[in-house]
Amino acid sequence: MKDSFCDLGFAKLDTGRKERTGIGEVVFCQRKDDGFLKDIFSRLFEANGEVLGTRATQEQFEIVKEILPQAEYDKISRTIKIQREKKNLCGNIAVCTAGTADIPVAEEAARTAEFFGSYVERIFDIGVSGIHRLLSQTEKLEKANVVVAVAGMEGALASVVGGLVSVPVIAVPTSVGYGANLGGISALLTMINSCANGISVVNIDNGYGAGYIATQINRLAVAGSVKNQAGEK
Amino acid sequence: MKDSFCDLGFAKLDTGRKERTGIGEVVFCQRKDDGFLKDIFSRLFEANGEVLGTRATQEQFEIVKEILPQAEYDKISRTIKIQREKKNLCGNIAVCTAGTADIPVAEEAARTAEFFGSYVERIFDIGVSGIHRLLSQTEKLEKANVVVAVAGMEGALASVVGGLVSVPVIAVPTSVGYGANLGGISALLTMINSCANGISVVNIDNGYGAGYIATQINRLAVAGSVKNQAGEK
Amino acid sequence: MKDSFCDLGFAKLDTGRKERTGIGEVVFCQRKDDGFLKDIFSRLFEANGEVLGTRATQEQFEIVKEILPQAEYDKISRTIKIQREKKNLCGNIAVCTAGTADIPVAEEAARTAEFFGSYVERIFDIGVSGIHRLLSQTEKLEKANVVVAVAGMEGALASVVGGLVSVPVIAVPTSVGYGANLGGISALLTMINSCANGISVVNIDNGYGAGYIATQINRLAVAGSVKNQAGEK
Amino acid sequence: MKDSFCDLGFAKLDTGRKERTGIGEVVFCQRKDDGFLKDIFSRLFEANGEVLGTRATQEQFEIVKEILPQAEYDKISRTIKIQREKKNLCGNIAVCTAGTADIPVAEEAARTAEFFGSYVERIFDIGVSGIHRLLSQTEKLEKANVVVAVAGMEGALASVVGGLVSVPVIAVPTSVGYGANLGGISALLTMINSCANGISVVNIDNGYGAGYIATQINRLAVAGSVKNQAGEK
Amino acid sequence: MKDSFCDLGFAKLDTGRKERTGIGEVVFCQRKDDGFLKDIFSRLFEANGEVLGTRATQEQFEIVKEILPQAEYDKISRTIKIQREKKNLCGNIAVCTAGTADIPVAEEAARTAEFFGSYVERIFDIGVSGIHRLLSQTEKLEKANVVVAVAGMEGALASVVGGLVSVPVIAVPTSVGYGANLGGISALLTMINSCANGISVVNIDNGYGAGYIATQINRLAVAGSVKNQAGEK
Amino acid sequence: MKDSFCDLGFAKLDTGRKERTGIGEVVFCQRKDDGFLKDIFSRLFEANGEVLGTRATQEQFEIVKEILPQAEYDKISRTIKIQREKKNLCGNIAVCTAGTADIPVAEEAARTAEFFGSYVERIFDIGVSGIHRLLSQTEKLEKANVVVAVAGMEGALASVVGGLVSVPVIAVPTSVGYGANLGGISALLTMINSCANGISVVNIDNGYGAGYIATQINRLAVAGSVKNQAGEK
Amino acid sequence: MKDSFCDLGFAKLDTGRKERTGIGEVVFCQRKDDGFLKDIFSRLFEANGEVLGTRATQEQFEIVKEILPQAEYDKISRTIKIQREKKNLCGNIAVCTAGTADIPVAEEAARTAEFFGSYVERIFDIGVSGIHRLLSQTEKLEKANVVVAVAGMEGALASVVGGLVSVPVIAVPTSVGYGANLGGISALLTMINSCANGISVVNIDNGYGAGYIATQINRLAVAGSVKNQAGEK
Amino acid sequence: MKDSFCDLGFAKLDTGRKERTGIGEVVFCQRKDDGFLKDIFSRLFEANGEVLGTRATQEQFEIVKEILPQAEYDKISRTIKIQREKKNLCGNIAVCTAGTADIPVAEEAARTAEFFGSYVERIFDIGVSGIHRLLSQTEKLEKANVVVAVAGMEGALASVVGGLVSVPVIAVPTSVGYGANLGGISALLTMINSCANGISVVNIDNGYGAGYIATQINRLAVAGSVKNQAGEK
C-alpha cells in the first residue's frame, strides 16, 4: 500500500515510497546510530531484496557486513550496496566533473543512478580552465538524456555544458576549494545564477540527489509517456 | 548552422541555439535599452517567425508593438508574445503555487512552457499550512510528467509535493514574504535542503527557467528516447 | 527571596529564579570548567533537592558522579539528572521529529519537560517527504496542549504541523544536514518564515529551551489562569 | 467541515481553518491584487461575519470599503477590521516595546489579539538603555499570561523581560534601526540567542504572528485544559 | 612634488598622485555635492589640462558644463571628459562582456583606459552559454596585453577566458542579474574562486578600476622595463 | 626614536611604539612559529625589561620558559607574563561578564590592563536574565572610569550597563554560545546596534584589545589632560 | 531623580538620564511620527533648556520650528539644535574622514560633541590612498584626547591612525561606497579586525554615537578623575 | 599542440597549457589521492623536465619522493619542487606581508614566481599599525614591476601600498586573524573595496595565484610587447 510505513519506534520506514514514487528508500548513513543502522538495513533488504546506503564510513560498512555479509563497499563514493544480481542498465546519463577532487561526489551520483537501473557515462576532469577538454567530449554529452555536472571552486562547468546540450543539466556544487568558496556556497550561487538555460541545482555534495533526479528523467525518456494530454492554445 | 550567431555589435544573437539545444532564444527584457530591444525582437521574429519576451514592462511592450503590432502582453506574467498560430500542446506539466502572491512567477513558467509547446495544468494556492488543499489535488499532480513548485516565504511546498509524486519537481523560490525571507534566499535554502527526493532548484523568481526545464523533461517523456545505450552492471 | 543569588565568585547562582519564574536554574554543562561544574551541581542540589544538567559529556557525568553518586546520565540527550523521586507528570506535550537524526535534540526537550513535571508524547520520524506518516499521527497531535517540532535539513515539519493543530508549536531547528544547511541556519529561516500560524522558534539544537517553554504553556493549560482581566472592545 | 476550502481559482480559502485550529483565516493584504482583495474580504466576511486584514495600505482600505462600508482602518497598525459587535476580552496579554518606533508592530500584535478575543495591556517604550522604566512596569508584566516583546536595534528587551516573568515571552524583532541592524536580522539573532529562558521568536515585524500565538496561549490559560494525561516518571 | 596636495578644506586633492603613480586623479562623481564637484573639476583641469569624471549623472554633467563648456558626456558609461586633443593610443587591451546588460560597466573600463592612452578592443556579448561566440573571438583576445572580463549573473566568462590567453585577466563582476545574484556578490565569488590561472578581481561594477589596472599593465608591456634585477636561484 | 623598529628579517619589531603610543608591543602568540616566538620574547624583554604574551598555549609557555625562566603563565587567560616587580595600579576599570564561560576573555582584558598599570575590579556572571544580580553591582560600576562588558550568546549586557553608567563602555562579544550565535557574530551585532549610548565594540574574544583601550581611557582620567584647547561655539 | 522618567503614553522620556549618565537625552528623529516629534522636543526643551535632534529631515525641522522658532538646522549633518547660548568648549577631539563623502557622518559626530561642550578639530579627506595627506596632519592628531575616524569603502583609515596616536580611536564605518561594500558592513569588518591597538567601533553611519563616546572620554581627560583606587599587583 | 591533453581517466592533464598560456600546469596537492598524486607528478615531470606542487603536506612529499627522489620540500610554503637547474631570474616582483603570520602565503607566492623565472624581493612585517616600517621600504617597492601585498586581519596593507607605487598591486587576503575576520572574508572585502587605485584581488590564502599573475605582469614588463596596435581617439 502506497501510504504504508514500518514503525521501528525511532524510525518510520517509508515502505510505501517505492509504490508511491517508483524508487525505494535509500539509507543516508551519516550520523546514524550503529543499532539503528543495522535495523534499517535489515528491514529494507527484507522488503526490497536490495538496498543502497550513502555517506557510509568504513566502520559503518563493517557493522552492516556483520548482518548482511554480501554487502559491498565503494571507498570513493562511500556507498554500501546489496544488489540482487546484474542489472540491465538502460537509457543514458552523462556524469561529468570539473576536476579530480569532484570525483567522489560524481561517483555517488553515478552509482546511485546505476543502482536504480540507469546507464551512466563518466566524463571526468573537463573543467572550463582548459575548455578544449570539454569540447572534445561534446559527442558523448549529446548522447545523454540528462547530464549531471559536478563542480566545486567557481562551478562554471554547468553553464558551459548547459549551452552545449539540449537536455536538462542537473548541477551539483561541491565543497572542493578553499577560502571564499564558503564550503561550496560559491559554486551553488554560480549554478543558481547560470546564464545558460536548462540548469537546475541540488545541495552541495549531493551526488545521491542528482543521481536520483537523473534517473527520474532518464526513465521518462526511456519509457516515453502515457501522460499526454493534448491541448491547444 | 548550430554554431552560428548574428552579430549586432552590442549583441551576438545566438541564432544557432535552436538547432543546438532544441529551443530558440527568448528575450530577457529587464534593463534592456529601448533601441536594443527593438532590434532584438525584430531579428528573432525574422529568424523564427515567433518570439517570446519575459520580464517586460508595459512601456517595453508599447515599444515592441510599434514595430510588431501583433505582439500581445500579459500583465500578470509580464510576458510579450508573438506566436505563429494556435499550438498543439502535448504532454503534461503541473505548475503549482503555495499562495496567490506566487502566481506571477508561476504564470511566467506556465506561459513559457506553453510557448514551447507543452500542455500545462495550473494548481494554485495549495500551500502546506492547509495541507488538505494540497492533498485534494493529488490526482492532478500524478498526471504530470514533471511538476513546477512555486513558493515564497518558507518554501515548504516543494518538499511535500516531492514526497507525493514519482516525477521530477522543479522548485522555484519566490521573493514573496518579508523580514527574514531575505528576498527569497530563505525559500531557496529550504528547497536546496529538501529532505524529499527528486527536487532541483532554479533562481529566485525564475519562472522562465522552470518552464524551460519542465519543457525539456516533458519533451523527453512525450517523445521517448532513442538514446538508450543498453548496459549491465 | 526572589531577587536573591548565591555568589561563588566565578558565578552568581540565580537561586531566586524558581520563586521569580516558577522553574529552577538548570546547568548548561558545555565548556564549564570541571571545578566550577562540581560546585554548581552541589549548590543547586542543596538548594532544590534535585538538579538537571544539559549538554553534558560522559566525562562530565563521571565528575559529577564523584560528589553526587545518585546522578543518572542519558547518552542520547546528553543530560545528567538527579531527581527526588517519581514525579507526577501532568498535561500533554507532543515532541515530534522530522528524522531519526533529530532525536537527540528532541530527547533533550522531552526530558527537560518531564523533569519540570510535564507529560510528554514522543512522535519521531514523521518528516514531510512521506506526509502520510505525519497524517497518521494527527490524533496524537490533537491531544497536546503544545507541540514541539524538531527538524533539520529544510525544517518544513513545523509548517505542516502548524496547519493541523490549534495549539502553539515551538519549532526547534537542528544542525542535521550538510552543505547549504549552514549548520542549521537554513532550517531556522524556514521556521521563522513559516506560512502557518502559531509557530515560534528557538535557537538551533536548543531542545532545552523548547522543553522549558512547552512546560510554561502546558502549566498554564493545566492550571487554568487567575490572570483574567475582563475587558470589552 | 474542517478539511473544507473555498476554491476561487486564484485562491483556495481555508474555510476549514477555524474548525481545525480554532481561529479563522486573516487577510494578509500586502501585494494582493485589488480584485483578489475584494473577493477574499467578501467571502471571509460572508463565512465568519467578521474579518481582519493586516499590512493594508490606505488605498486598499478604500477598495475594501466600497463593498464593505462598515470596515474600519487603523493607520498605525495598518489593519482593516470588520467586527460583529463589542467583544468580551478575556485573559491578559502584555504587549511591550523597546522604543516608540516599534509601536506599529506592537499595535498589529495587540489588535490581532483583541480581534481574537484577548485582553491586551500595552506597555510601550521600556527599552533597556533606561532599565528603571522597565522595572517600574514589573507588576503589570506579572499579571500577564504571556508577554509579547517587540524590539528593533539590538533587541535586548526580550532577554531582560524573560528573566523577570514566569510566563512565555513571544519575541518580535523589528526592522527599526540602521546600518548593521541588517533590516532586523540583528535583533532576530539577539532574541534567538537569548540567555534567558522562555523566549521564542517570530519573523521580523510579524506583529500578527505574535498576536496569534499569544492568543493561543492566553486561551489555554483562560480555559484550563482537559488535555491532561496523567503520567509518572 | 609627489607628496603635495591641494587643500580645499572639504577635500585634499592629491595633486602629487600623477608624479607618484603615473596617473592623475579622476573624479568619482557619485554622491558628490554640486559645489564640491565644480571646485574639484576646475582644480584638476587647471592642474592637468584634462580631467575625467566617472559615475556622473546627466544633472552633474550640466553643472560641470557651466564652468567647463568643453566637457563631453557619455550616457552609457556615465563619464564626463575633457581631453586636450586627440590621443595616441598604444598597446592593446581587450574589454569583453558576457551580455549586453554588462556594457555600461565595460564602457567605463574602456573609456578610462583610452583616457589614459591605451588602445582598447571591445568584444561584447560573448557569454559562456553559447561558447562558440567566445571561441570565435580567440584571435582578438590573443592580441591583447591584458583582458578585462566583465560579467554579471554567474560570472563564468573570466574562467573560460583565463584558460585561453597567456596574459592577465582583470575580472569585473557586475550587479546584472536578480534573486540569488545578491547584487553582484555571486559573480564576485565565482571570479575569486576561479579554477583558471591569471585572474584577479575588482569590486562589483568597478569598470574604472579595471581600466586603470589594465592601463598599468599595458604600459609595462608597451614600454618594457628597466626594473630588471638579474638573479639566480 | 619613535619611528624606530628592530628588523629580525621575518619580523620588524615596532620598538618605537612605546614612545609613539605610550604602550609597548605585546606578543600575540597564536600561530607563531616556535623559533620566532623565542626571538620576539627575548628582544622585547631586552628592550623593555618586561613583556606580555597573549593567546599562548601551555606548550608555548614551556618554550618561552627555557630562555626566560622567570616567565609566569595564567591558564584561564592564556597569558605569559614577565614583570619587573610589583606595580602600582591606579585608576579604576570594571571588567564584567554575562556568564562564567566569558571569564577567560574577561581575564585576558583584566590582566592586560593590570600589566599596563591599571587597577581592575572584576564583576563576573551578571547577565541580564537575572537583572537583580547586575543591579546589585551598580555601586561598583559607578566607581569605574571605564567599563569592559564581556558577553556571548545575545550580548545584551553591554546595553543595560551602558544605560546605568556615565563612563564609556567597551563591549567585547565572545564566541560563547551555539547555533545561531554564529561564532560570536550575533553578540557583535547586538553590541554594535545597542540602543544605549557610550558603547563601542572590539573584535570577538578580543580581551586584549579591550584591556588596552580601557587603559588608554583610564590613564586620561587619572592624569587629567593638558590637551585642553578652549573654544567657544 | 535619576530613576525618573516622563510618561507620554507612546513614550517614556528618560528624564533621569542626565543625572544618571551626565548627558541628557537626544532626539533620534528618523521615522518619528510628526505629533510625537513635537511633544518630545517640547518636553526635552522644557526640562533641559536646550535640545539636539539627529537624523532630521528638512520637513521635520519645519515642524519643530512651528513650536520652537529658535531651532536651527544644519543640512549636512541633518541636525536640529536649540542651544542656550554660546558654550565654552573644552578639551580636544579630532574628527577625521577618509573622503569627502564621509563628511555628513563626521559633522554629526562633531556637532554632537560640540553640543555636549567639547572642542572639536576637523581633519577631512585624509584617506590612506595618499598617505602623505594623513601624515601631514600628525601634529594635529597628537593634540587630541580622542580621535574619531570616519571612513567608508575599505575603512583602512582607523588602522593607520591607531598606529600613530596614543589616545583611543573611535572608528565609524560609513555606508559610502558601492558593490561589495555591503552598505558599510565591509568597512565595519575592517575596523573590528584592525591590527592596530586602541580602536573600538560603533554602528555604520553612527556619527552621533561616536560624538557621544568621544565626549565621555574628553570629559574624563579634562576633568581628571577622583576614581583612583590605588592598588598593587 | 596547444589543445592537447593527456587523459589519465581520473584526470585530463592540460599538457597544451604551456603552449597556450606560456606557463605549465602546477599540481594543487590538497585532497589529492596518493595514487593520483604519483601519476600526475610523473607525467608532468616527464613532459616538462620540472614540476611544482603547492599545498603539499610532508606526507605527500614523502610519497612523491619515492618516485622522484630529487624532489625538494619547503615547509613554510608547503611546496614540492623539482627544477632542472639554477634559473636566471629576471624582472622584479615585490612580495610584502602585513605580519609574520602571513609569511607562509607570501612564500607560496614568492616561490611560485621564482619557479616561473621571476626575481622576487621579500619585504615582510610592514603592516599599517606601524606605518613607518612600510614607509622605510618605499625605495624597494618602487623598484618592482608589480607588488604582491599579503595581509590578514583587516587587510589594509594593500590600500596604503597602492597609493605609494605606480605599478599594479595583487592583493592576497589571508585567513590570519580570529572572530569577525570570518576566515579571511573580512580582509578580502577590505581589499575589494580599496579606495586606492591599481589593486586587484585573488582568493584567500591564494599565494600561488598571486605569484602566477605577478609573473605574467613581470614578463610583459621585461619583454616589452609586440602587441602594440597604434590608434588614436
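In order of appearance the chains are A, B, C, D, E, F, G and H, and numbering begins at 1 in each one.
Definition applied: contacts are C-beta pairs under 8 Å (C-beta built on N, C-alpha and C of every residue); 3 or more make two chains touch, one makes a residue touch a chain.
Source: prediction; values computed, not measured.
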{"item": "Common touching chains of chain C and chain B", "value": "A, D"}
{"item": "Longest centre-to-centre distance from chain F, chain (CA-based)", "value": "B"}
{"item": "Farthest-lying chain, centroid of Cα atoms versus that of chain H", "value": "D"}
{"item": "Interchain centroid distance [CA atoms averaged], chain F/chain G, Å", "value": "24"}
{"item": "Centre distance in Å when chain B and chain E are each reduced to the mean of their C-alpha atoms", "value": "37"}
{"item": "Separation of chain E from chain F, taking each centre as the mean of its C-alpha atoms, in whole Å", "value": "44"}
{"item": "For chain D, residues contacting two or more additional chains", "value": "129-130, 163-164, 179-181, 185, 188, 192-193, 197, 203"}
{"item": "Each pair of chains that touches, named by its two labels", "value": "A-B, A-C, A-E, A-H, B-C, B-D, B-E, C-D, C-F, D-F, D-G, E-G, E-H, F-G, F-H, G-H"}
{"item": "Contact set on chain D toward chain B in their complex", "value": "3, 5, 9-12, 14, 16-17, 30-33, 36, 173, 175, 183-185, 188, 203-206"}
{"item": "Residues of chain B that touch chain D when the two form their complex", "value": "100-101, 103, 124-126, 129-130, 132-133, 136, 176, 178-181"}
{"item": "List of chain F residues in touch with chain D within their complex", "value": "98-99, 127-131, 135, 153-156, 159-160, 162-164, 177, 179-182, 185-187, 189-197"}
{"item": "Residues of chain B that touch chain A when the two form their complex", "value": "20-23, 86-92, 114, 119, 121, 143-146, 163-168, 170, 188, 192-193, 197-203, 209, 212-213, 216-217, 220-225, 227-233"}
